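You will see two complexes here that share chain A, one where it goes with chain B and one where it goes with chain C.
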Partner chain A sequence: MPRSVWKGPFVDGYLLNKAEVSRASGRNEIIKIWSRRSTILPQFVGLVFGVYNGKKFIPVQVSENMVGHKFGEFSPTRTFGGHSSDKKAKRG
Partner chain B sequence: MPQKRILVGEIGRPHGVRGLVKLRSFTSDPISIASYGPLTDEAGTKRYAITVLAEGLAKVEGVADRDAAAKLTGLKLYVEREALPPPEEEEFYLADLVGLAARDLAGEPMGMVREVEDHGGGAILVVETSRGEMLLPFTKAVVPVVDVAGGFVTVLPPAELLVAEEADAE
Partner chain C sequence: MARIAGVNIPTNKRVAISLRYIYGIGPQNAVEICEKLSIPLERRVNQLTDEEVLRIRELIDREYRVEGDLRREVAMNIKRLMDMACYRGLRHRRGLPVRGQRTHTNARTRKGKAVAIAGKKKVTK
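For the complex of A and B:
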């Protein structure tokens, strides 16, 4: 069941502060967070978060189409297995 | 120098009695496995022309019955790196990035790119250093130089990563 609209998206308060500080500093940094449950907000776009998966911080570059999803969706907790094959990576 | 071969698929068990096989394609578009020309085995000695019939099912040229198809079970299929189309600007094949040396801005060696992962939040370079692995976002700020021909990437790890790495080493 989806979350009620009147409540607004859930975000842990400290994330907003961290994002604000990071954006103001303008440094090339990874914002380490443990809050996998927080919703990605539009003000996070362009920042890089290190989302904890229980073992390490997985870098997540927030883009516009990630808004509305939760941080945890981009930081898998289980071992990833795959083949590189013909797959490509775009430098952000 | 031997040509680099890239693993693109694997033949599974036979399907039916007319020589069809199950095919596990590792390419980004499963159907495109046959579009890179003839596929080879790991050594590059034998060539296989494959026709993809439906997703997960294929016909190998010269294989007409189930017994012949069964002999191919578990065969890994490779394609020459040169057969892949050139990537667009700022795009890199993961296979090209894996194995590159990682250097800092001064040119000092830091480690080697062991893996490239993408979980939906942008590509991540897994760099193996002498002090453990380092996960770096594949951005211009963190990876300003990628020289595939030269065999190296220049990385500028954010301070938070270096601090964490030192803490892990202690």
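For the complex of A and C:
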């Protein structure tokens, strides 16, 4: 079930401050955030966030069509490179 | 035979059933269309007058997104997800289930037919 509209989008409050400070400073540096659960708001467009995936901060350049998604969606927490194909050779 | 919304040629079934042969029109929409045009549910396609067929065609053109247009929209939505490199997009790229289903077993619809793993030992009793 989707979130009730009357509640508005969920964002951890401190992100708004962080975004504003970064906008004001003008320098385009990565804003490190841990809040993967926050919705991406229109005022974040154009900024670069470093979204923590449990190990690293994945840089995410926020574009217009990301609005409405959550930060966590852009920072995968699992790595899977596929299975190795040399199994046959080992058995020989 | 009636051609509605492009290539679809439903048969001598009931109208509400044969409309569902059109991509984008399911049970709900099919019945809705019949109600809007006050076509009785038990009427079959070959009993429709030309005028009724015309009205169905117009209604679908006007109010429903079907066939090519709908397919394009779906493809665009998926492409959007893939270009954004979000989790759902990555799953689409890899051809794995998108909505958190298990992949340890099953998921054959997305992954395609099972491929044997070379060199894996068969269990023998």
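Rule of thumb we're sticking to: the second predicted complex is superposed on the first by the 79 of 92 C-alpha atoms of A that agree within 3 Å, B and C clash if a C-alpha of one lies under 4 Å from a C-alpha of the other, contacts with A are read in each partner's own complex, and residues count from 1 in each chain.
Everything below uses one rule, namely that a residue touches a chain if its C-beta (ideal position, glycine included) is under 8 Å from a C-beta of that chain, and two chains touch if they have at least 3 such contacts.
As the structure is a prediction and not an experimental result, all values here were calculated from the model.
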item: Partner chain(s) touched by A:48 [first = chain B, second = chain C, both, neither]; value: first
item: Partner with the higher number of touched chain A residues, chain C or chain B; value: B
item: First (chain B), second (chain C), both or neither touched by A:7; value: neither
item: Contacts of A:74 with chain B and chain C, given as first, second, both or neither; value: both
item: First, second, both or neither for A:56, with chain B first and chain C second; value: first
item: Which of chain B and chain C A:66 touches, first, second, both or neither; value: both
item: Intersection of the chain A residues that touch chain B with those that touch chain C; value: 63, 66, 73-74, 76, 83, 87-88, 90-91
item: Chain B-facing residues of chain A, complex; value: 27-30, 32, 48, 50-51, 56-63, 66, 73-76, 80, 82-92
item: Chain A contact footprint on chain B (complex, rising order); value: 6-9, 26-28, 32, 36, 79, 84, 87, 90-95, 97-98, 116-124, 135-143, 146, 156, 158-161, 164
item: Residue numbers on chain A that touch chain C, as the complex places them; value: 63, 65-66, 69, 72-74, 76, 83, 87-88, 90-91
item: Complex contact set, residues of chain C against chain A; value: 80, 84-88, 90, 117-120
